[in-house]
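Input: structures, listed below.
Heads up, the next two complexes both have chain A, just with different partners, chain B and then chain C.
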Partner chain A sequence: MGRIFLVFLSVFMLSFSAIAEGKSDKFDPGATAFHHIADANVFSIGPWSIPLPCILYSKDSGWSFFSSSKFGIVGHHGDGHKAVDGYVLNAGSVNRVRPGQGFPTGEVELFSEQAYDEAAEGGHAMHPFKHKEIEVKELNDDGVEETKMEEITYFNYNGKDYTLDAKSTADGGLFGGGITSYYDFSLTKNVVAMLITVFLLMWMFISIAKAYKTREGKAPKGLQNFIEPIFVFIQDEVAKPFLGHHWERFLPFLMSLFFFILGLNLFGQIPFFGNANVTGNISVTLVLALFTFFVVNLNGNRNYWGHLIAMPGVPKWVLIILTPVELVGVIIKPITLMLRLFANITAGHMVMVIFVGLIFVFGQSGANAPVSYGTAIGSILLTMFMMAIELLVAFIQAFVFTILTASYIGAATEEAHH
Partner chain B sequence: MINNIIFLSGFEVIKPDFGLIFWTVVAFGIFWFIMSRMAFGPIRDALKKREYDIQTALDESKKARQDMEKMNAENAQILAEAREQRAKILQEAKDTKNSIIKEAKEAAKLEAQKIVNAAQGEIESQKNAAMAEVKASAGNLALEIAEKVIRKELKSNPEQQSFANALASEMKLN
Partner chain C sequence: MTGSIVALGMGLAVIGAGMGLGSIGSKAMEAIARQPEAVGDIRSNMILMGALVEGAALIAIVMCFLVA
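On to the complex of A and B.
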């Protein structure tokens, strides 16, 4: 136990040494947490960054396929010292130099690896990609020109500042994203984590399914015996009570949801192995909620739609209020599913980062070594406690998503009973 | 502007990312498709079959036990009936024996009576015949004696003749 604790301690220190490196830099726990829970174009195992394939599309330069190792990753931040076809690697994520600034295409060295290493050794880590607020003039909805502040990321190359674009996101500008000059379809950390999890789950369950064939009529054994109680629990406590005699038809979907979410929740909790926050990314929960939405509404029977549009036994004038509420509910239900899973898992990941971040907050980013080590012990205990709770949350959230989906399908497929 | 109100510009995870959406659709779609056909479906069917088999086995064993109990009860009844039958047969045999013995006894008695009667009749008739014969012989003898006596007496003495006659008359057959 003591040895495990030491290993934890040392790898934690190693992983976050990146932050401690620049002693003069102010540690920003919020930004650090946001960075660690975000998706990335590198897969970090401990302090190392494993490059991943990049698949990028922009209207003006078309498709680009290359490995993120082409950026020449330096240090622990996941910054690349090269630009490729107008793309750069900023803190593990691909950004694109905003077109129209005259930035050269092809492979361009932004700064030398040597300069970066020298700066790190000198105690002043190089931050090639900086943030600043600029004034932007744009026309508002009424056609009046107004000035607003925009936070931009930029870098300096050959004495000139170049603004970076973040990848296009589907939030419509609501959360500071929106459609930019390029789209990122790369096999990111989250995608790789998802593919690994899917592959492991498939391998596991197909071998279990085979065991049911080869060991027919015998008691379950090994992995089969481990999974069977979970499977039977979902079958008997989720599928059968909510779906009635339809349970067999929807069981594979419910099982797929449960094990997909559980697998990803757990995969994200493996310490120092990517810590991919997959189910804590709204893109993933959005897709899962959409699957639920389509399964529910495509299987909705006459009774379900009847209740939605005109609830039987309700006076006509009440329907004016009730019907819109019911119809909004159809969309709200998957949205709550999406937000619940996203918020729970993201919160868990953030709490971990923040607990570890306490070391740098109280230890003044490594300047005060005794306080750093003292806080480290406390924060590691807290983190381990949180990890135990997150393990529970991983199961609970997978279960909650599944049981709610089952109840929605159950309501949509229920036969009329009067 | 709205992004100044919701200050989340660094909060990447809340911005739906086209690439991740695409890959999640692909990954979950494939996962759902393959797992339904190769894992969850077959496991569900196998579990259902096993549950059915176990239930059937339990029901069968219950039924077998009930059958066994029923058979045992039947056996006991048959045994009781057999015992009753045996007792009845034995009783009948006893009765038959007794009646046969009784009949035999009566028949024997009757026969014996018959034999006795016949013997008695025979004896009577034999006795009577013998008596008759004796009477006849005695008569003859007496006649002879009397003849002889008479012949002799008569020749000599009338007194003697009367004596002989007296004798002859005294000789009575008992």
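On to the complex of A and C.
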């Protein structure tokens, strides 16, 4: 037990010594937390970064396929010291240099690895990618020019500052994030974590299903013994009471939801192993909520739609108010499902980072060693306590998602009895 | 300035959710104390209600983030 704690402690220190390196810089717990919950193009295990394949597309330079090791990752921050085809690795995630600035294509060395290491040893970590706010002039809806503040990320190469494009999003930046000039289809950290979880779950359930065949009539054993109570709990406490006699039809969907969310929640809890925040990624929870939305509405019977559009026994003029409210409710339900899971898991991950960040806040970014060590002890205990709570939250959120889905399906498939 | 107003909004949202969760929790505890045999039903309904109350607070918090 003592040895495990020691290993835990040393990896912990190694992982976060990265933050302490920037002694002269003021430590920003919020920014650090946001960096740690974001998706990345490297899979970090402790202080090491494992490169992942990058699949990028932009209109002017076409498709690019390469491994993120091509960026030459230096230090714990996951910054790349090379640019490839106009792409750079900023804090573990791929960004594109905004086109039209005359940045050279192909492999370009931004700074040498040696310079980075020397700076780190000298106690002044190198931050090649910097942020600043600039004024941007743009036309608003009325055609009047107005100035807006925009935060940009830039880096210096050969004495010239180059601005980075906003991080790519699947919608091309239409729903926030700004218009981007490229699309990132890479196998990111979250995708890898999701694939690992899916394969683990598949292996688990196929082997359990086999065990039910080969050990028919015998007591459950091993993994089967562990999963059976959870499965039966969801079946008896969620599916049967909410779905009535339809429960067998929707059980596979509910079980897939529950174990998928639970698996991803728990996988994200493993310390120093990627810390993938998959269920804390709003696109993932959006897709899960969309599944629920379609299952509920495609299975809704006459009775459900009748109560939605024109409630029986309600005066006609009240319907003018009630029908829009009910219709908005149809959309609000999956939205709350999406936000609840996203916010809970993200908050859990952030709290952990911020508790660890307390060491550097109180220790003045590592300048005040005794206070740092003192806070470290308290912070580790606090973090371990939070992790225990997060373990509970992982179960509760998977359960809540499933039970709410079951209640929505139950309401949509209920037979009329009046 | 907007930052501090957003923080105030988040605080108000949390107060509301806290009051809601508190009353759900206290009533559930009371119910369990009165009818210990119904603990399973009460617990799952308590979590369901908790999730619904929390949903309102989470929407408020996300809106705060969007405004900020």
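In this section, the second predicted complex is superposed on the first by the 407 of 418 C-alpha atoms of A that agree within 3 Å, B and C clash if a C-alpha of one lies under 4 Å from a C-alpha of the other, contacts with A are read in each partner's own complex, and residues count from 1 in each chain.
Everything that follows uses one rule, which is that a residue touches a chain if its C-beta (ideal position, glycine included) is under 8 Å from a C-beta of that chain, and two chains touch if they have at least 3 such contacts.
Predicted model, so just to flag it, every value in this text is computed and none were measured.
Residue by residue along chain A, chain B and chain C are tallied for touches, and B comes out ahead. By the touch criterion defined above, A:Ile196 reaches neither chain B nor chain C. When the two structures are aligned on the shared chain, A:Ile208 is found in touch with chain B, with no touch to chain C. With both structures placed on the common chain, the touch criterion links A:Thr346 to chain B but leaves chain C unconnected. In the superposition on chain A, A:Met387 contacts neither chain B nor chain C.
Of the two partner chains, chain C is the only one touched by A:Ile396; chain B is not.
Of the two partner chains, neither chain B nor chain C is touched by A:Val108.
Using the contact criterion defined above for the overlaid structures, shared-chain residue A:Val287 touches chain B, although it does not reach chain C. Shared contact residues on chain A (touching chain B in one structure, chain C in the other): none found. For chain A in complex with chain B, the touching residues are 30-31, 34-35, 37-39, 55, 93, 148-149, 151, 167-171, 173-177, 183-188, 190-191, 194-195, 198, 201-202, 205-206, 208-209, 212-213, 216-217, 228, 231-232, 235, 248, 251-253, 255-256, 259-260, 277, 280-284, 286-288, 291, 342, 346. Residue ranges on chain C touching chain A, taken from their complex, read 40, 44, 47-48, 51, 54-55, 58-59, 61-62. Interface residues of chain B facing chain A in the complex, by the touch rule stated above, are 1-4, 6, 8-25, 27-28, 30-32, 34-36, 38-44, 46-48, 50, 53. On the side of chain A, the complex with chain C involves touching residues 237-238, 335-336, 339-340, 343-344, 396, 399-400, 403-404, 407.
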